[in-house]
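Naming follows writing order (A, B, C and D), and every chain is counted from residue 1.
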Amino acid sequence: MKNILGNALTVTLFGESHGVAIGAVIDGIAPGVEVDREYIAAKLSLRRPSGKISTARREMDEYIIESGVYDGKTTGTPICILIPNADTHSKDYSALAGKARPGHSDYPAYCKYHGFEDARGGGHFSGRITAPIVAAGALIQAALKRKGIYIGTHISRLAGIEDAKMCPERDVSALEMVEFPVLDSEAGERMHAAILEAREDLDSVGGVLETAVVGMPAGVGEPWFDTVESVLSHALFSIPAVKGVEFGDGFALADMKGSQANDPYRVENGKIVTTTNHMGGIGGGITNGMPIVFRCALKPTPSIAKTQQTVDFVKGENTDMTINGRHDPCIVHRARAVVDAIAALTLADLLTVRYGTDWLAQ
Amino acid sequence: MKNILGNALTVTLFGESHGVAIGAVIDGIAPGVEVDREYIAAKLSLRRPSGKISTARREMDEYIIESGVYDGKTTGTPICILIPNADTHSKDYSALAGKARPGHSDYPAYCKYHGFEDARGGGHFSGRITAPIVAAGALIQAALKRKGIYIGTHISRLAGIEDAKMCPERDVSALEMVEFPVLDSEAGERMHAAILEAREDLDSVGGVLETAVVGMPAGVGEPWFDTVESVLSHALFSIPAVKGVEFGDGFALADMKGSQANDPYRVENGKIVTTTNHMGGIGGGITNGMPIVFRCALKPTPSIAKTQQTVDFVKGENTDMTINGRHDPCIVHRARAVVDAIAALTLADLLTVRYGTDWLAQ
Amino acid sequence: MKNILGNALTVTLFGESHGVAIGAVIDGIAPGVEVDREYIAAKLSLRRPSGKISTARREMDEYIIESGVYDGKTTGTPICILIPNADTHSKDYSALAGKARPGHSDYPAYCKYHGFEDARGGGHFSGRITAPIVAAGALIQAALKRKGIYIGTHISRLAGIEDAKMCPERDVSALEMVEFPVLDSEAGERMHAAILEAREDLDSVGGVLETAVVGMPAGVGEPWFDTVESVLSHALFSIPAVKGVEFGDGFALADMKGSQANDPYRVENGKIVTTTNHMGGIGGGITNGMPIVFRCALKPTPSIAKTQQTVDFVKGENTDMTINGRHDPCIVHRARAVVDAIAALTLADLLTVRYGTDWLAQ
Amino acid sequence: MKNILGNALTVTLFGESHGVAIGAVIDGIAPGVEVDREYIAAKLSLRRPSGKISTARREMDEYIIESGVYDGKTTGTPICILIPNADTHSKDYSALAGKARPGHSDYPAYCKYHGFEDARGGGHFSGRITAPIVAAGALIQAALKRKGIYIGTHISRLAGIEDAKMCPERDVSALEMVEFPVLDSEAGERMHAAILEAREDLDSVGGVLETAVVGMPAGVGEPWFDTVESVLSHALFSIPAVKGVEFGDGFALADMKGSQANDPYRVENGKIVTTTNHMGGIGGGITNGMPIVFRCALKPTPSIAKTQQTVDFVKGENTDMTINGRHDPCIVHRARAVVDAIAALTLADLLTVRYGTDWLAQ
């Protein structure tokens, strides 16, 4: 299905970093969902580069809703969100043509698109293409909040520095709109310092984002092949830089005993819960009513100013390259808005499959 | 798409652990693919429980090809593989009705299917349902080998014990048909001992499987949303017990600098390669011609003989339970055949999208 | 999507006429739907050849439900219906190898499958493959009836002989289980005579089936591209022999004025209705609450005993051929059960998309 | 899949008649396809209202390619085509709110969207939404022509007046760019007169479009459920006003004998052909190398200036209405460009499935 995500509620993505515009089409949304333009703008600003820890490229992300919204509410027909490109410095990139930036998609893209790809600024592979995902996700996330479903993410690890442990019920709402989302502000300061240090070194750093979703009804998802883990990971691995995804205790579960890993069930206030949540709210691929918890590993930004060994794939010969231009020494904090958006879109899709096309606005 | 995996080459899965039969339908396969029944049987035997480290349930997995194969070759029309169930001891499970086995799907399944699910032996959620996936995957994997694409998996970690590091080009073929696939036989013996010890303790252990694919052409996959990571993880997270998936150096990349993580390109013998493979053969969601490398974290088997706290979800009250019956103290080695099958099916689907419906037999 | 029909409620089809078995997998059905085995058998018998107006091949169509049904009700997991093949006389067909039977799929199939297709008895193209569709459709149709949605079909035209006009509300239930469904029994007798006459002439006849669906809620379907007409015609044109599909007054609308064709709305007993139904219950691709009415044109059976001009497509030379074996001089009456099944499956899919996965059993 | 058409080559449609813009996203197109902007503009002008036989609404259809095209060629990533709306007279429609225009989607849309739909000018149901389909189709049709595949359509019937019979090989190219496509110019004049007469009568007329495709390779399509007829009809029935679709001799086949309907095969100039083409180039759902021939029945335009009986569906009461504003007395000739576009998109999708993602530009 290529550039289309979802089954009942879909998002079609388009655009290149230095093209005319980028955008997304949301299809299958319930009619009557309130569209909060301020909220969407606020989410876009969380993704936008800002300050010294980001690229100097200034993206205003002024978005236009071309269709599907009338009198401030969704009509139920497709919503096209368009973000015109601006402040594109294509000349920065022209010297790179034919040279494979290490860690970037240039060479695999060339193998797929035979040189017809718009390589300027990463083209369709650019992290910039996540902006319409954020806008689309924000529209949906606001609707999920009205249904009692809350999504929040913190930087659980950056450059080897750990944040405090998240308590989903307590933290998700508080985290949602924080620009640099950490629970331990002192750890956050050290992370900032590590980013600036990497920038000084003409280098970059990566990290881990941990997300929790509170309020998902039990009984959503499928045993095969659309487990909640399957559809979430499918979407999350589309985010550039994500190279690992785990649910609940994830890789740590591999070292546990069954007696440690199994979450005991209890009845609490008339509701069935588990006393631990090693499984991250999902059993047999289906939600069990506990918070959904997952983590994404993000590799360090590949665009670094150090000189690197590479090839000219058109000429087929070895070369060196130094990538100038404006780069992010870290995109972990910016990726957070994308992860939240992806979670909102994916879960809303599963809910629409389960409860029908009117549910989100009911 | 629920119980259907894939876009151009699809697998539809059906069956319950204690029903009449389980099976899969492969659709979209090229006509003229040789069907090696011995190879399929050998793959099924790798998944089958055997010896003291597995459940005592003896599954013969005699499979019937009901359609789609003629004169030993695929016709190009759908292949139904049916595996009749046998040796089902449903009475072992009847006492459990309404009780949520911790770590199992019983309670989420009840929330989804309202009590109409066939809960015997895990029903449609049973690990047994992976047998037809293995058969379908084996048929495809044999075809991929003829095209020069090799898949191999080892147990990189079990109960905290690490295997030696894999070298894909050297190891994948050697690993393919080993029953307990490790590179370091001494580590393998300690893993065996750990499994038997868990069994003695009425407990279970988990582990990590590492898979490599050698020979994939560069330029396969999509930037959004069908990245190679996306479609592989989607399928892998359908395997019961998988709670984490990572590509290349995965979570370890989060702690690296860009200058460490970026794989330098070089021309070697006229071919473009990377001198390291931290990205696991995938850049921008697309294959770059290097070996694809990924790891799956498997939680310990949830069926343990220890008494556990739980609830009766029909009555809505707390209870204790002891799960009798025949259980696996570890399924990591058995899951290996499933992971290989899933990799074969998923990559063949991407290749079919890319090169058309005849490619696999050309 | 090849051999898979539907979005939320899917049917995957497999099997060849002279292979081991044929069958279908229903996925996405609500849990708790009662499975009436007698009703399914009765529907299969309507499709089965019988008497002098059909082929002499006796198909018992004993079907096995391999999965997805427990205690007489659907579990909500995939239902595999298997029909073993019997009474296959493959030798009747062996002389035809390489010869393109006119009006049959032999030659296009050869172009697609390169000679690997199982050509015996039409293989995967055989009308016999509709039997599992009928079984799957019957299971769903019974569920739709419990929800107040009724489907009925009559032979509106056969060999140029017209049946009386259908009044949906009055006729659909009465027609459902009649073996040779006509409203005017005298016309029915003339149709019978025409079939027998064609058989005498070593020839065959075609006809038109008209179907009505009563009780569909208004507001189901999509403007683009899943209009009710789109999804119904997609499925109906899969039935071998169907070469035309029209809704409401269909092709006759092309000759009308807007003032004649527009159905005036009125309030009747507090319900909004149209006083005519030229549109066949669908406006803008969406149901309007009036009966859905459509007609399928079925070409005459291509297997005729007359000698015909053709080619040997392997040798690439002209030849003549006489098709022996057992053939139907008419399949219009047998196709009726397939049309009803296709209507049930397609509409249930649209309803599942609209109202969610539990709706059919609620 | 709602507003998305296709499997390997998809089109996602968005927009409302009186919204900001309408558009389409093409995904899955081969990289390196030349984009002929003049050709696209010419096709759009064929769809555009013009002269006395169309609505007085002047639509310029200036289209913007927002993405996916670089240096005049497709990049292989999604192409967003945007057409800003202009000359919208929403006040013409405001008096109609709550009143169901007979023959229009107002009432079924209200049942589906609960009053949140943008009803102005038909909103997302407007015939205007076909403009981006035409643009997308034109881009593809030009590519098909370079591969030797030609599509042409004539008005075979309008207001009961018949055009001459089409000979595909001779006529398709000649017809392609004619504004009012008929083979018999005298019949064309009578059709014109009938349209003007209907306009005088405050009424409208319908007709039949016949399309042929020359040059399709044999062996494309699927037996179930993606027959060429299935996927074409699915797409064609999305065009507003289409209420019937037939292939080859279509409904006339129902009255033929098998010996008349079967197309005899012959070898001609070393190529296998049929001496007649009653089947319209499709056998068993698969192309046989002969021209594909199909016809669409278009109902008369529902917007007529005569006073009509209807209901106010919000108030639930009977009323009369007179539709003012600018209307088409006939849209058959304008729909031609849409039918050609739909044929191009659908066949290119089937070809992409069959031959892979590079084929269209090879």
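Worth pointing out:
By definition in this document, contacts are C-beta pairs under 8 Å (C-beta built on N, C-alpha and C of every residue); 3 or more make two chains touch, one makes a residue touch a chain.
Bear in mind that the values here come from a model prediction, so they are computed numbers and not experimental data.
When each chain is reduced to the average of its Cα atoms, C sits farthest from chain A.
For the copy pair chain C and chain D, the superposing rotation over Cα atoms measures out at 180 degrees to the nearest 5. With centres set at the average Cα position, the gap from chain C to chain D is 26 Å. Rounded to a whole number, the gap between the C-alpha centres of chain B and chain C is 38 angstrom. Chain geometry summary: the mean Cα position of chain A and that of chain C are 45 Å apart. Shown for chain C are the residues in touch with two or more other chains, namely 1-4, 7, 13, 77, 112, 124, 223. For chain C in complex with chain A, the touching residues are 7-8, 77, 223, 353-357, 359.
Within the complex formed with chain D, the residues of chain C that make contact are 1-5, 7, 13, 100, 102-105, 107-112, 124-125, 129, 157-160, 198, 201, 203-208, 217-227, 229-231, 233-235, 237-238, 240, 242-251, 253-267, 270, 272, 274-275, 278-280, 282-289, 297-304, 306, 308-311, 313, 316-318.
Those residues of chain A lying in contact with chain D across their complex are 1-4, 10, 12-16, 19-23, 25, 27-28, 31-32, 64-68, 70, 73-80, 82, 112-114, 116-118, 123-124, 358.
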